[in-house]
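First chain written, first letter: the chains are A, B, C, D, E and F, and each begins at residue 1.
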Amino acid sequence: MKSVFYLLDTAPYGSENAFGALNAAAVSLNEMDVTLGLYGDGVYLTIVGQDSRKLGLPNLEDILYAYGELRVLVHEPSLVERGLFGQTLIETIELADEEDFFEAMESSTYVIEF
Amino acid sequence: MKSVFYLLDTAPYGSENAFGALNAAAVSLNEMDVTLGLYGDGVYLTIVGQDSRKLGLPNLEDILYAYGELRVLVHEPSLVERGLFGQTLIETIELADEEDFFEAMESSTYVIEF
Amino acid sequence: MKQEQLDVFLLTKPPFSPRSELCLKLAARSGKARIYLAGDGVYNLLTGIEKVPECDVYACKEDLEARAIMAGEKVTVPDDFYSDFIEDIMEHCRHEYTF
Amino acid sequence: MKQEQLDVFLLTKPPFSPRSELCLKLAARSGKARIYLAGDGVYNLLTGIEKVPECDVYACKEDLEARAIMAGEKVTVPDDFYSDFIEDIMEHCRHEYTF
Amino acid sequence: MKTLTIVLTDGPYISEYAEIAYKLTEAALKKYKVNIFLYLDAVHIPKKDQNPAFFINAGQLFSELAEKGAAVRACARCAGARGYLPEEEIIQGSNCKDYFPGIRITSLYELSEMLSMSDRVISLSR
Amino acid sequence: MKTLTIVLTDGPYISEYAEIAYKLTEAALKKYKVNIFLYLDAVHIPKKDQNPAFFINAGQLFSELAEKGAAVRACARCAGARGYLPEEEIIQGSNCKDYFPGIRITSLYELSEMLSMSDRVISLSR
């Protein structure tokens, strides 16, 4: 089976990229091995308790839960650098050190960036 | 007289920002004191010998020459960091250390970013 | 009179972006800065922006909620973030910057 | 057979952008990388990208000319940059990345 | 009355700036005159027919601001490049048939004009 | 025949990616099948009436690619939000009256389809 690695390195809500990456990842779940790789500012997506109703934007945390079968791989150094280690993070994510994160990219058929 | 400081921190040609900043700066030359501040990736605009004909894009170096009365202030640390110190730079630019660059921003009525 | 010396910053970029770093440098130089965090700017609370000396930090409630970011004690979360910001830049400040 | 082990990178971002840094890290891990520089990617020649070990660097002529960047001796400037790149990614590489 | 000018360079949805500009303008209009200059990709904001299933219609928001008194203008060079062409006739406050009411395409010199008449300027760009 | 898919997320002019994608596709079409998926702001690329005074008409370039055999598709969600609405009728290869010929609005599932039929994928985004 082909595998696709969506690399998201922009913060959620400030741009449409995170929503776009989630939707793109979701439509391939039945046909391919899909990984959403959170890198750089993309790691902000992992914080628990997002409530975007007052912004009139879709709740990206809810979307993550809705696609429970989506593998979400988080680049741990990005997370640490951004001060997220003390935060409660979404449980279904998978933390990866740089080596493992890069290996997941290298072993995917395609890497697509947002 | 009011003064406006256009801060350009993106590289020329890869995005429309540099062209946009130059045009915006140009139209105010008669009414205000205008400074184009090149910071970060914006400093690439200063390299001599640009020839964008084959890309089908306007030559930004020519536009800089055409608006000779535009003050172009270049953040020297950005330039050094990007390896531009050995390059031949456009003569009409003004190099500024960080202190002078920030002072120029602080003494302007408006700062507009591209 | 002292009020007039205020510098106001609207920061909408996350930490480490070149614009955020520039904002922090200018705020540190100001002597009396007020930083308004909106959009992705609220992520700067995770990296301690409220500890910049001589600098008051305000954060937008809706943006905090969307991003699940807590504002610490030193951070003001106004009822009407945008009205307060507008009032500050139109009436009470020496210089205004947006990053 | 060895040909098949090639990793090909298309880099269109200037130095220090998070994407460029990621590209360089992956290229350094590759063991046999070919980096194609297009658009603002050619600015990486100013910061010595051609010195990455076990890595061949190609640059797009039109993009070099527009930006007034010289390609050093170690850099290949193909007559038909995009055809060469396409041939490489479609026929000769293990993995392809775009940054 | 003091005047605030907002300069935008991003299109709708891709970034949050159209919405932030809306909130800033709404707050400012209570006491001040507001100009909005749509530059580069921001000329997409007033496009008609937007039908976002998950976001708030940005064109409608800006049309509402124009109705409340904000002067919303789009750069002619940027608009023309992107397929928004000005016409001679002004219908419902707009000179572009692809735009929401109240929003006009003007020369870039209008930006300079706005700046020289302003007390404060805010620019929002990625 | 091998297949290349290109995913774009930026609109025309603001970035160079539409033009780079054009050059990649032109080169690839000589030997391969090419799919282009227009996502997020890239759905602005095929808009009719573009009249750039200083750049090359991006809509025309992509229409040309479609004519040469590339499958150029725009995401329905992104297009709808931005005011490009699909119609039932397909005229000159397009189901959107605001789009250049040969370019169609489709569901995002088409991206997944393209990926599963491809040998290589290139994504260009800011």
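Here is the rule we use: a contact is a pair of C-beta atoms (placed from the backbone, for glycine too) under 8 Å apart; a residue touches a chain by one contact, two chains touch by 3 or more.
Predicted, not measured: the structure shown is a model, and the values here were computed from it.
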Would you say A-E or A-C is joined by more C-beta pairs in contact?
A-C
Residue-number overlap at the subunit E/subunit F interface, same or different (half cut):
same
Name the chain whose C-alpha centroid is farthest from the C-alpha centroid of subunit F.
C
Determine the centre-to-centre distance between subunit A and subunit D, using the mean Cα coordinates as centres, and give it in whole Å.
27
Centroid of subunit C to centroid of subunit F, CA atoms only: how many Å?
40
By the touch definition above, subunit D meets two or more other chains at residues 12, 39-40, 98
Name the residues of subunit F that each touch 2 or more other chains.
13-14, 16, 40, 54-55, 77-78, 120-121, 123, 126
Set of subunit B residues in contact with two or more other chains
13-14, 16, 55, 57, 111, 113
Chain contact topology under the given definition, line, ring, star, complete or other?
other
Can you name every pair of chains that touch?
A-C, A-D, A-E, A-F, B-C, B-D, B-E, B-F, C-E, D-F, E-F
List the residues on subunit D that touch subunit F in their complex, please.
10, 12, 38-40, 80, 82-83, 85-86, 89-90, 96, 98
Contact set on subunit D toward subunit B in their complex:
12-17, 39-40, 43, 46-48, 61-63, 65-69
Would you tell me which residues of subunit C are touching subunit B in their complex?
18-19, 22, 25-26, 29, 95, 97-99
Touching subunit E in the complex, subunit A uses residues 13-16, 19, 55-58
Subunit B to subunit D touching residues, read off their complex:
11-14, 41, 44, 47-55, 57, 61, 81-84, 87
